[in-house]
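Okay, got some structures for you below.
Across the two complexes that follow, chain A remains constant while its partner is chain B and subsequently chain C.
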Partner chain A sequence: MDVELINIHKRFGKVHANNGISLTVKSGTVQGILGENGAGKSTLMKILSGFIQADSGDILLDGKKVTIHSPADSVKLGIGMLHQDPQDFPPMKVVDNLIIGSPMGLFPDRKKIIREFEELQKQFNFSISPETYVDTLTVGERQQLEILRLLWLGAEVLILDEPTTGISASQKDLLFATIRKLAAQGKAILFVSHKLDEVEALCSQVVVFRQGINMGSMTPPYQTDKLVEMMFGKSIVRSENVCEKQEDKSFEIEELRIDDVRLAIRDVNFCIQKGEVIGLAGMEGSGQALILRALAGILRPTGGHIYMIEGADGGRIDLAGKHYFTYRDHGIHFLPAARLEEGLIQGLSLAEHFALAEEQTGFMVDRDQVENLSKKRITDFNIHGTPESRIEELSGGNQQRAELALMRDPLRLLLLEHPTRGLDIESAMYIWGKLKQRCEDGASIVFISSDLDEVIHYSDRILVFYGGKVSPAFEASSVTIDMLGQLIGGKGWS
Partner chain B sequence: MVTKPAERPESTGGLIRTLLTNRFSSIVIAVLLSLAATWIVISVMGVEPVRVFSIMLNGSVGSVDAVTQLLQSWVPLVLASSGLLFTFTAGLWNIGMEGQIEMGAIFAYGAIHFLSGTPLSGPLVIIIATFSGMLGGALWAYLVGLLKNYGNVNEIFGGLGFNFIADAVLLFLVYGPWKPAGVAQGSTKMIESQYWLPQLPGSYLSLWALGAAIVGILIVAVVLKGTYFGLKLKAVGKNAKASFMMGIPTSRYMLLSFILCGLFAGLAGSIQVTGFLHVLRNSISGSYGYVGLMVGMLANYQPWVVVPISLVFTALSKGATGLGIDLRLDSNLSGVIQGLLVIFVLLMEGVRNRLSRGSKGISHG
Partner chain C sequence: MDNSLLASFGSIFTWAAPVVFAVMGETLTEKSGVINLSLNGSMILSAMAGFAVATTTGSFFWGFLAGAAVGALVAFIIAFMSIGLKQSQVAVGYVLTLATKSLAYFLGAPFVGKPVMQLSLVKIPFLDQLPILGPVIFNKDIVTYLSYLLVIVCYIWVFKTSKGLILQGIGEQPAAAFVRGANVNRLRYIYTIIGGALVGIGGAQYSLSVKTWNGQLTGIDGIGWIALAITIFGSWHPVRGALGSYFFVLLQWLGITLQPLMPNVNSRIFQVAPFPLMILALLFVNIGSADWVERTLAGLPEGGRKFVSRLIRGMRTHSPAALGTPFDNE
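Our next item is the complex of A and B:
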């Protein structure tokens, strides 16, 4: 089925997320859609799949104009969207996940469905048992299930939104083979990504979005630097290692103990120097998140000390067991990964956030002052939005930059949970550039990331976590990805 | 902040859609719908709707007398509604407003009860009574807040519980220690007229009470819209966890919102005693707490909108009192109309949100 999107407009408040975007995807092709976070890719895909409606513009399927009011409409028309997070029901069986989404009435024929499912998955060399529970599947298998489900529902157009996040290399190969096969069967595929190599390897044509506008398209052979320029407006050079190391100590952590329902962490000892970046690496749930929250004062350690060094004579204050606000008052700032749950307040504007974050001046809020401050911060931190934009109207990258803009001075220790997760290279580099400035001012950074590249590239020193155990600090320059990968996986611990 | 309807550069569904998605016109439609529904209800009762409406209009704004009575009843309602804006803003449902008004009345009457006959001057006693009434309301609200913060008791259940307790205390006092000599009538004896708030000659209306209501709503508007306190309260209401992370002591703000709300409730209760009824009696709170919740919701928690809506609600119930006399209809009809109004406004709001769905609250990128 051919898909044509003509002159699509969509605004969120004052943000023009899709500004007259037109795009044609022919049956039997894999259309790559590139763009940084906030470029308008997801918005367009949500419009096509019925999650949101365009303000104006037309959608044509095989040349016929259609209106799509809901995801159910789009499924009926043969459009299926594979979301970044699997949209399934983990506590239920695979076959029940199929039945839920199907228009089969009160008494579905389970046997028939299972037979059809098995036939379908044989085509693609998947092996998912229909009677197994979804929560026992890996992310990659749940993705396969979702693809099968969409095909089973009769999808002729498949939208894949960042499908390679969180799946293994072999699952990725299988996914790519599947996509090629689907295209060969005559399906139209929309492949949304910000990973250049994947798009280049897979797609028969690529369009690039920037700030809600279609910047143009390219067919193989791809010129990577051209694509990058279309995405960002300029070529990117990876910046140098973040922090100039300064030798004086800022914090000393001694014999820190944390007891969690699932994990006991014992006797953590390390020091944090001024201007230093320490990366915490490990599989999710190995203890690094707990340590980070303990350092922020959110989680109370069951023993040990968090000393803050005061002055040149080495006098120190023990913060362990103190209230979270005491940590904040000492310039310790925590940036949570769950931005909209813990970091920012939905329903409040950017200006209101800045007013809240600043030192309170008197009883009344000075609107003009807040407005000016907001405008300055919005420019300084390259946030696409206005002081009146509500925080949930911003894209992920803009929300992240807003969080950085909210941090107050003086900053002594900055604790970051996945600071660049879900962001494209450009946004990530921007964030790290801002963080580097903070380091130069003497702040220290401790951060968690599941991206080993990021950990090695931006850290001065690295601590590895495995099942509640903490490694000694490694100099980042002496560490390779391979070595880190082995430690994270539990190899090489004495 | 009023949620602005999404900009729609091009017409996607014509005039009806525009009318339904515009905040103002959707409220007008809701009012018309509730009038129509009331019309049907009245017709079913076998009465001519036009007569009912004309009697109600007469009873509420038909004469100087009616208007002064309207304003008099408006005072406690607007105080209750504006107090509730504090708790609404903090994301809390202060169902305990009724009990807090009752406690305010009890404390105010108690102050006068113990101080009458002392050499203290009338105005001084009134001031003391007013402040102790506010104290009583605040205390009762504070207890609900404490239970929520430290006992993990949802404020809706806590508030409801304390309403029953306040009721019981009131009944005990009225039929017990403060019972007037002779037969118990569910009411104390009247306070001496020197302890009454001065009233306009020939009417029940006290300009002092009216002034208190106007100052009250002004204070709420300024505090909620212009101060750091108001902004922080709003932040706590929208996302307590993130607010805490940003350094706002959330429990303290929730407690403060209860106390502020209680102060307004107590003021309303004490004005019932000093400015209007001059006795302490059964159900002195007059359901103003519950109606106040509806007013707050209808006003979408905006201080300025509370003024006209509470006025309309008071007019409805004032106007309906004449129905019983003239048409032998139950004056509870006003409650039916108020209820229909709330339902239709909320319904239209749902329709509006549905039609403009997708134009807000969805992240993109």
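Our next item is the complex of A and C:
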């Protein structure tokens, strides 16, 4: 089915999210849609999928004008959208997830649905058991399930909104193969991303959005620097290696054991040097998040030691089993992936966050002092907001910067979970610039990322996780994406 | 066991019917993502209304219909305030609890002492001849039979039908359900009102079968709160909720049966004991849902840990993720 969007406008308050955007996608093609955060990509996709309505503009399918008032309308017209956050029902079974929203009778024929589902997933080499619960699936599998569901409902147009966020390298390969196959079947694919390499590898045509405007399109061969210029209005070069290494150890982790409902991690040994960045790679749920939480003192390990080296004579303190506050008092700081849920407090302003993070001196909050501190931090960390801005009003990049600004000194070990997930390249580079400063002051960083580029680029050493197993530390300079990808996928383990 | 004791034991199924109706109603409502906190008040008001209408018209049918209408009306107010006006469900529900309770005692005063109307018992042929089960389960009034049926219907509706899956969906991930074409807010209205009507039938059942309307001495006060607790600890599952209801009434029955056997113990203890015992039992059943239990378990020695954790995980509950939160598709 050919899709044509003509002169779409959408405003949210003062923000003109879509300012007269037109776009044509032919059946059988993969249309890339590039742009940084807030460029209007998601808004346009939500309009096409009926999640929100445009203020003005037309949508044409195969040349015929259609009106889409709700997601139900778009599904009926054959438009399916894969949302950035999986729109499914985690505590329910895969087969029940298929039934919800499908035109079924009161008593759905589960056997028939399962048969159709199995046939469909065989086409794409997926292997999801229809009787499992969705919350036991990985993000990548939930995405596969959602794609299958949309196809099962008869989608002819498929919108994929940042589909590679949070999935593993092998799942990404499978996803790309699937997308190519679907295009070959004659479906129209809209692939929304801010990752240039992916768009270049996959799409038969690319448009770039900036501030709600279509900046122009490009067909292969792509000129990367030109695309970047269209996205940001200027070229960006990635900065080179991050931390200056010092030879002295800061932490020693010995025979650490963690038992979780799904995973048992045994005998983890590694050391952390001052000023070093260690990247943890692996599919989500392979154990890296557990190790990070154990290092932060949030999860109690069932055995082993977390030694902190004190002074030059090599004296060490075992932190394992101590209270979280002890970890924090020793300068260990954890930034979770769920910024608004675990890291920041919704409803409080930036100033109130800074007031909370500082050492409490008196009974009453010293408003003037907090005001000055906030202003200084806001400038230092380039946060777009005022001391009075409530935290949830800030964009993702600004929230992340605010979290960095909240960290107390002295900082000894910084634990980060997906530090740049969902951020555009510019914000990501800014965040890493700030982190690098911390390393120069002697802090160490341990971080998780599903973006292998990020892991290789910013780490000094890399640990790979697979099903609770931990690899020895690799020097980042000696590792390639292919090697990591294989290890993450379970190949090459002895 | 002799027959009189059996019949007395069997009365717990009649007594439990109002609780079962309320728990099923609240389960449906909460599955859709709305909390109807007014249960205690709306049960008292519908008990009064059911009795008043039944004695005035002489018809049980109109009595139960009045009870259902009152429950549905209170539920509608909650739905309108929380879904339509996006106000706090907890605050609105709590105020309505107090208001409906006072209203019931005020409007119900003239009906205290009116001739008692009690639903007559219907024996089910053949089944009532069964040993033990016959007198215990199959010698009841019609609304009690309906309460058995209601549990089965609720279970099938929620877990086996496509509409029930949508119901779970709108309480779990309303945005995802909306993406799939469900009209989240309209469905929430419908389930809140149906749930409220069931609560109202439970109230009417109390004054027309279990006991009678007797103003503040009716004895129904407190049942609504217990029904709310059973809904939660029954993990929003109709069958678990029904078992919880029967367990609670069993505790009450034991209190009454044991009291004459222990004359030295203050009789108030027997009246009050079922409530704390119920809470303790519910806590025990649900303790596995707390994070700290998981962490403590991880420290146990290998052998025992597996057994205990499997036991606790089997009883674990899961609340509808969007319970109590309004939905807006922006």
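The definition used in the following text is that the second predicted complex is superposed on the first by the 263 of 494 C-alpha atoms of A that agree within 3 Å, B and C clash if a C-alpha of one lies under 4 Å from a C-alpha of the other, contacts with A are read in each partner's own complex, and residues count from 1 in each chain.
Quick note on the criterion: contacts are C-beta pairs under 8 Å (C-beta built on N, C-alpha and C of every residue); 3 or more make two chains touch, one makes a residue touch a chain.
Predicted model only: the values in this text are computed from it and were never measured.
> Look at A:Phe51 in the shared chain and tell me whether it touches chain B only, chain C only, both, or neither; answer first, second, both or neither.
both
> Which of the two, chain B or chain C, is in touch with more residues of chain A?
More residues of chain A are touched by B.
> Of the partners chain B and chain C, which touch A:Ile100 in the superposed model: first, second, both, neither?
The answer is second: A:Ile100 touches chain C but not chain B.
> Now for A:Leu60: first (chain B), second (chain C), both, or neither, which partner does it touch?
neither
> Identify the partner contact of A:Phe89: answer first if only chain B is touched, second if only chain C is, both if each is, neither if none is.
Second partner only.
> Applying the touch criterion given at the start, work out whether A:Gly343 contacts chain B, chain C, both or neither, answering first, second, both or neither.
A:Gly343: touches chain B, not chain C.
> Based on the superposed arrangement, let me know which partner A:Leu394 touches: chain B (first), chain C (second), both, or neither?
first
> Can A:Met429 be said to touch chain B (first), chain C (second), both, or neither?
Neither partner.
> Which positions of chain A sit in both the chain B and the chain C interface?
Common interface on chain A, chain B vs chain C: 51-52.
> For the complex, give me every residue of chain A touching chain C.
Within the complex, chain A contacts chain C at residues 49, 51-52, 70-72, 75, 81, 83, 87-92, 96, 99-102, 104-108, 259-261, 299-300, 302.
> For the complex, give me every residue of chain B touching chain A.
1, 4, 6-10, 12, 226-229, 231-232, 234-235, 238-239, 241-249, 357-365
> Taking the touch rule as given, give the residues of chain C at its contact with chain A in the complex, in rising order.
Going through chain C, the ones touching chain A are 160-163, 165-166, 168-169, 172-173, 175-182, 294-295, 298-299, 313, 318, 321, 329-330.
> Applying the document's contact rule, which stretches of chain A touch chain B when the two form their complex?
Contacts found on chain A: 9-13, 17, 37-43, 46, 51-53, 55-56, 298, 324-325, 328, 334, 336, 340-349, 352, 355-357, 360, 362-365, 390, 392-399, 406.
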